[in-house]
Amino acid sequence: MGEAALFWIMAPIAVLGALGLVLSRKAVHGALSLAVTMISLALFYIAQEAAFLGVVQIVVYTGAIMMLFLFVIMLVGVDSSDSRVETIRNQRAAATLAVLGVIVLLTAVTVRATLPEEPAGLTQATPDGNVAAIADLIFGTYVWAFEVVAALLITAAVGAMTLTHRERIFNRPTQKELSIKRFSEGAPGDAAGLPVPGVYARHNAVDTPALLPDGTPSEASINRVLVARGAARSTEEFRHRPTPADIEAGATETRSSVEGEGRLASDADEPAAGDDDTTGGERA
Amino acid sequence: MTSTLSALATAVATEGGHGGGQAVAEATGVFDLTWLLIAFPLLGAAILLLGGRRTDKVGHLIGCGASIASFVMGVVLFAAMLGEPSDGRAFTSQLWEYVNAGGYTVDVSLLLDQLSISFVLLITGVGSLIHVYSIGYMEHDERRRRFFGYLNLFVAAMLLLVLAADYLVLFIGWEGVGLASYLLIGFWQHKNSAAVAAKKAFVVNRVGDMGMVLAMSSMVLVFGSTAFDVVFASAEGASTGWVTAIGLFLLLGACGKSAQFPLQSWLLDAMEGPTPVSALIHAATMVTAGVYLIVRSAAIYDLAPDARTAVVIVGAITLLMGAIIGCAKDDIKKALAGSTMSQIGYMTLAAGLGPAGYAFAIFHLLTHGFFKANMFLGAGSVMHGMHDEVNMRRYGGLRIAMPVTFITFAMGYLAIIGIPPFAGYFSKDKIIEAAFADNWITGLATLLGAGITAFYMTRLMLMTFFGNRRWKQSEPPHESPSVMTAPLWALAFLSVVGGFALLYFGAGIVDWLAPVTGEEHHELPMPLWLLITITLATVVAGVAVAWLMYGRRAVREDVPAGSPLTVAARNDLYGDAFNEAVFMRPGQYLTRSLVYFENRGVDGAVVGTATAFGGLSSRLRRLQTGFVRSYAVTMLGGVGVVVLAMLVVRLP
Amino acid sequence: MNPTNYLVLSVILFSIGAAGVLVRRNALVAFMSVELMLNAANLAFVTFARMHGNLDGQIVAFFVMVVAAAEVVVGLAIIVTIFRTRRSASVDDASLLKL
Amino acid sequence: MTFPWLTTLIALPALGAVLTALVPSGRGTLAKQVATGAALVTLVIGALISIQFLFDVDMGVEAETYEWIPEFGASWALDVNGISLALVALTVLATPIVALAMWHEAEDEKRDPKAFFALLLAVEALTLTAFLAQDVLLFYVVFEAMLIPLYFMIGMYGGPQRRYAAVKFLLYNLVGGLAMLAAVIGLYVQSIDAGDPSFFLPDLVALDIDTTTQWWLFLGFMLAFAIKAPLWPFHTWLPDAAAEATPANAAFLSGVADKVGTYGMIALVLPLFPDASRDAAPVIVVLAVVSIIYGALLAIGQTDMKRLIGYTSISHFGFIVLGIFALTGQAATGATFYMVNHGLSTIALFVVVGFLVSRRGSRQVDDFGGVQKPAPKLAGVFLFAGLSGLALPPLSTFLSEFLVISGTFLRYRPAAIVATLGIVLSALYILWLYQRTMTGPVRPAVEGMPDLRTREVAVVAPLIALLVVVGFFPKPLTDAIDEAVGPTLVEVGVEEPEPLAPVAEHVEEGTGR
């Protein structure tokens, strides 16, 4: 009964985890959902007299492989999140059809198959316990396959290194060269470097935009990763609201900066967190 | 069975067959050297054509020497033959085995009998004279050596033609003379007209060759052999239908080579060749090969009266066509060529009369060889003096400037129109007699032909040698050198005495040829003196009309409009126009439409299939979007199908 | 408990994974969906091993895990490389496999 | 164990091909010398083998059989009879001539000539194997393998459209080869059913196959051979290949390599499928006659000299096929003899046209005119090659054409009569070509055209000499062919037609007429 209880508790969790993977917009959420599924699978393994596999599942899969995924997500995908708009024509329909077909097919097979009502159990097959029996098989019957798989792993490791390795073709630019480049190519306003967050601001936290000398907050001062995550604070709340008197006073002298303000203002009209779709779209 | 047959054929050849009614003996002694006749000119041709510029200096001498050597050999053989009994003058000498395929055996062997020796003497004799004449005529041509090479090649091929003892070997000679004729008509290749004429001659001859090939194929089918002895010996056993077919096929071949209707069109164009060529090939020898073929195949024609009738009709039509064309031509060589056609028509007609006419056909062939060669060489002499002018309307009064040419030409003239006692009188009269003996229509055709002949030859004489001088050149035309006039004298002499001598010298040509051709006496429908008188009267009438038109009146230099018949005759009686309208134009159209059909139809179908597949592929290519996820869907679907298939097969 | 339930769960997880591969454009998510499918298969193997009293199913599952590890290593390396050059982790952008 | 003459004959050019390929690139002349040397040595061996058959001198040439794939009953089985000997002689003779003719042409292509010469020797080895093979699988393998070097020879060296021509050539022949493969397998299945799986030709000939099966197998083989020896309407690859390949290559292709097709018809199809061959003969005869006339008419309509010669080949192949399927000893001997003569004649024509093209840089008839004036020798050999093409006696082509026509006349009279039209048409296309290119006023573009050089004379002279000598003395060769053709026709089970009018009785009567 314990197993049934475990199954009926963990199976929905596993399914939910799997659905979370498919449905979450952000890869990092998906990865975490998948980890949940994997852990529940590990429990199932243990429940089905495969203690060794269950542990391996947790250690290797959840521990190593999923961590690898998370690293890569952090490397490449933090500021990307999927749009739900399907770009390939009929892909959704075809996929639905195919998946439904597979479900029907496999379920039909599973249900129709003449399987033993009660499992045979592995007591006989594992007299010395699960791990020893598996060891016997791996280093006995399947030793050849084991060696080949070992070779495959090594090859994969070397392959990954080869793939990700980047030969340095140019010298790393020195600070001086970067500076010259900034002056010669960039806008003169950016020549001195981007503003640092928190300067002249009410906070010196990294999510606070810097205030420019004219008092306008600078969006460029905030790390774009924070913006993408929606973790940055809105520039709008730091904007100095000019009174009518101020406008009268500086109507003529600050014409150019007003234009700049207008631009910033229109930017700021959008919600700071932004819609993932549009932001992601722009970034892409 | 076939092998026994061929063995039998060999047996026939060795024991003595029935070439034309007399026993054929294995050649011994001097007759075993018959092959030398061919070898001399062949060697000459090989030396001249392969020798290159080294033989330029002495080329003409080698050429003449080869021809004369062959003539001497011919005389020796003739003398030796005279020493044999009159029914034992046929000799065969086997040179080598040619082929043996599927039971069909051919030996390269030569048959020397009365008929072939007559031709040998004509070919080598007249040929040698023309060789000598050519030394002078071609003196200024830088390619004279090659000219003599071709002439020697011709003589060799012609001798092979008349000496062969098998139709296939005869055909080798037949095509050999065709090649020589092609090369010599087109000798001045830089002239487009010459090249076209040469090609035309060859192609038209090839139409005749179709007949030859089919005749030989029929012989293989009917007799299992093409050897003379086998074919002649077993001809009686064949059905009349097949014999007639063979006769008609042979006639087609003869028409091609002898320029008989309906394959006559090439001969007039062939006058593009140098004049000695016209004299030797297109007057004296090669064009008579068709007559030789018919006479040689006497055994076949004797059994096929329908085929003989066809021969007579062809001969009669050509006789009149040639004569009419000859009346209207202003080109001296073309007028003579029309005359040649007409005279060969006489021979063909005679040959078609059967045993009654074979001997006379050969008789006329020989005398014609003399006087027509004489006149062609005379014409060549005139052209030589007139700077290659051939238009008779630019001649006139040449008898004073070129007396030798005039006198010798006149001998030929009197011979051809049949004035006794010149050569043509004897031979042509015999044919007219035989024709009348056969039936009235052929007789009248020959008689009419004689009248027209008299007319156009007189016209030619008058326009060339009499009347006012119409040539423009400042210094008067000069007489040709003696190397050219000597042959003229010789031929003129033969034109004078040839007929009488051949008919009455010794036993006469009729008896001489009788063992080969057979003999048959005919009953005339009227007394002989009356016929001779009528013939002579017709000839005189023809001469008189010509004199009235061209002798009394001055010849105009421009071409008068003329009657519709004259215009038609000037256009070769529309033979070329007919060929062009019926064969060439539709042929060109057919060729063009076939090329179109090939490119669009046959090749188009192939290329179209390829294009269709290409189009289909580019459609299918669109399925390849490059999107991994599309592929994944396909893959998943495919996996599903595979699983399903496995289940369907495995599940109960 | 009837072990068929495990198999049905396996089918469901496999199908969800397949759907993920088909509909998600993010290479990483698609890749993780593939892992999910592998895991579903592993679950079936383990269940079969228990049903038949034969350890071979577990061995196969073990090998699947190892091979999956190798695959992940190479696959992620490829994704990183592509991202470096194209600044995108969308599988649809890598669509050069056509004319 | 006597000396393996036949294997040696094949091994020599194969070895030569390897050696030529091994010559370092950049040393073109050395490669040419090696290749020509190998071809000449092969010629010597071929001549020695020929002596045994032509002049009845025992050189110890005999059939050879070595195991190849014993599981399938396939073997390296070679034998030679009159038919194959004729074609072997043609092949070994043609190769050095083609090599010599290609001497400078391969260089014009700015390519390493080495590849062409190595491929040429490879084709020679494969062609020889095809002519000698007594094993159907072996025959099939070389039949197909031959396409590869030929494909590269056409595609790498030649005119601007050469790639198109090469692909067309390959696709056409592959289609035929596919049909043949199916038929070969079908034949093998028949031998399995008979209890003794074998590809050995005599074993297969001995099989008793029912007529329906014969028909299908016949179609498979015949399609391959009809494409190879282009028979209307499967011919359109040949004009393209002939026009675009280098002249020497076109000469080898249509002169030698395509003979494998006609050889297959007479040496494989007839004995293997006698019933089907007998039944299908009228159809094939009609196709052959269409080929003769169609090829000739299209040749007349061409403006490209090499295409023109390609179409003449189609016409001549029509004669060969006609002779084979007339099913009389005379026609079959004539057809086999025709294969040799057509080879010599076509090679001569292509090679001479090649000389012209390389001098003028154009294949168009209209670009020539009056060539005989500046280059009389060239014009002379051109005319000679042309005359051999129109089967003028006593050149050897004549006898073969006559034997085919008269042999066909024995059985299919209308076909033979129509085929004789080919005689007229051949004269027309050859002489018209000669007239337009060689005679008439000299065109400015051909003024000063150089006459034949020594190498070129050396290429043409042997061909001309052979055409003449074989023309005068064909008997040794035709006897050897006739000896081999007889048993083939017995295998087909046709009666030789008897003469309608037997000669015997009239000889005894003695009066003749």
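The letters A, B, C and D name the chains in turn, as written, and every chain counts its residues from 1.
Quick note on the criterion: a residue touches a chain if its C-beta (ideal position, glycine included) is under 8 Å from a C-beta of that chain, and two chains touch if they have at least 3 such contacts.
Since we're looking at a predicted model, the values are computed, not measured.
Peer 1: Please find which chain has its CA centre nearest to the centre of all protein CA atoms in view.
Peer 2: D
Peer 1: Go ahead and note the Å separation of the Cα centroids belonging to chain A and chain C.
Peer 2: 17
Peer 1: Please tell me the distance, in whole Å, between the geometric centres of chain A and chain D computed from their C-alpha atoms.
Peer 2: One centre to the other, that is 72 Å.
Peer 1: Between chain B and chain D, what is the separation of their C-alpha centroids in Å?
Peer 2: 35
Peer 1: Determine the centre-to-centre distance between chain A and chain B, using the mean Cα coordinates as centres, and give it in whole Å.
Peer 2: Roughly 102 Å separates the two chain centres.
Peer 1: For chain B, jot down the residues that touch at least 2 other chains.
Peer 2: Where chain B meets two or more other chains at a single residue, that happens at 625, 627, 629, 633, 636.
Peer 1: Considering chain D alone, which of its residues make contact with at least two other chains?
Peer 2: Where chain D is concerned, no single residue meets two or more other chains.
Peer 1: Indicate the residues of chain C shared as contacts by at least two other chains.
Peer 2: 18, 22-23, 25, 92
Peer 1: Strictly by the criterion at the top, what is the full list of touching chain pairs?
Peer 2: According to the stated criterion, the contacting chain pairs are A-B, A-C, B-C, B-D.
Peer 1: Which bits of chain A are touching chain C when the two form their complex?
Peer 2: Where chain A meets chain C, its residues are 3-4, 7, 11, 14-15, 18-19, 21-22, 27, 30-31, 34, 37-38, 41, 44-45, 48-50, 52-53, 56-57, 60-61, 64-65, 68-69, 72-73, 75-77, 80, 82-83, 86-88, 91-92, 94-96, 98-99, 102-103, 106-107, 110-111, 115-117, 119-122, 124-126, 133-134, 137-138, 142, 145-146, 149, 152-153, 155-157, 159-161, 163-164, 166, 284.
Peer 1: If you look only at chain C, which of its residues touch chain A in the complex?
Peer 2: 1-9, 11-20, 22-26, 28-29, 31-33, 35-36, 39, 42-43, 46-47, 49-56, 58-59, 61-63, 65-74, 76-81, 83-84, 88-90, 92
Peer 1: Can you tell me which positions in chain B touch chain A when the two form their complex?
Peer 2: It comes out as residues 625, 627, 629-630, 633, 636-637, 639-640, 643-644, 647, 651.
Peer 1: Provide the residue numbers of chain C that touch chain B in the complex, in ascending order.
Peer 2: 18, 21-23, 25, 30, 91-92, 94-99
Peer 1: Spell out the residues on chain A that touch chain B in their complex, using ranges where they run on.
Peer 2: That would be residues 88, 91, 94-95, 98-99, 101-102, 105, 109, 112 of chain A.
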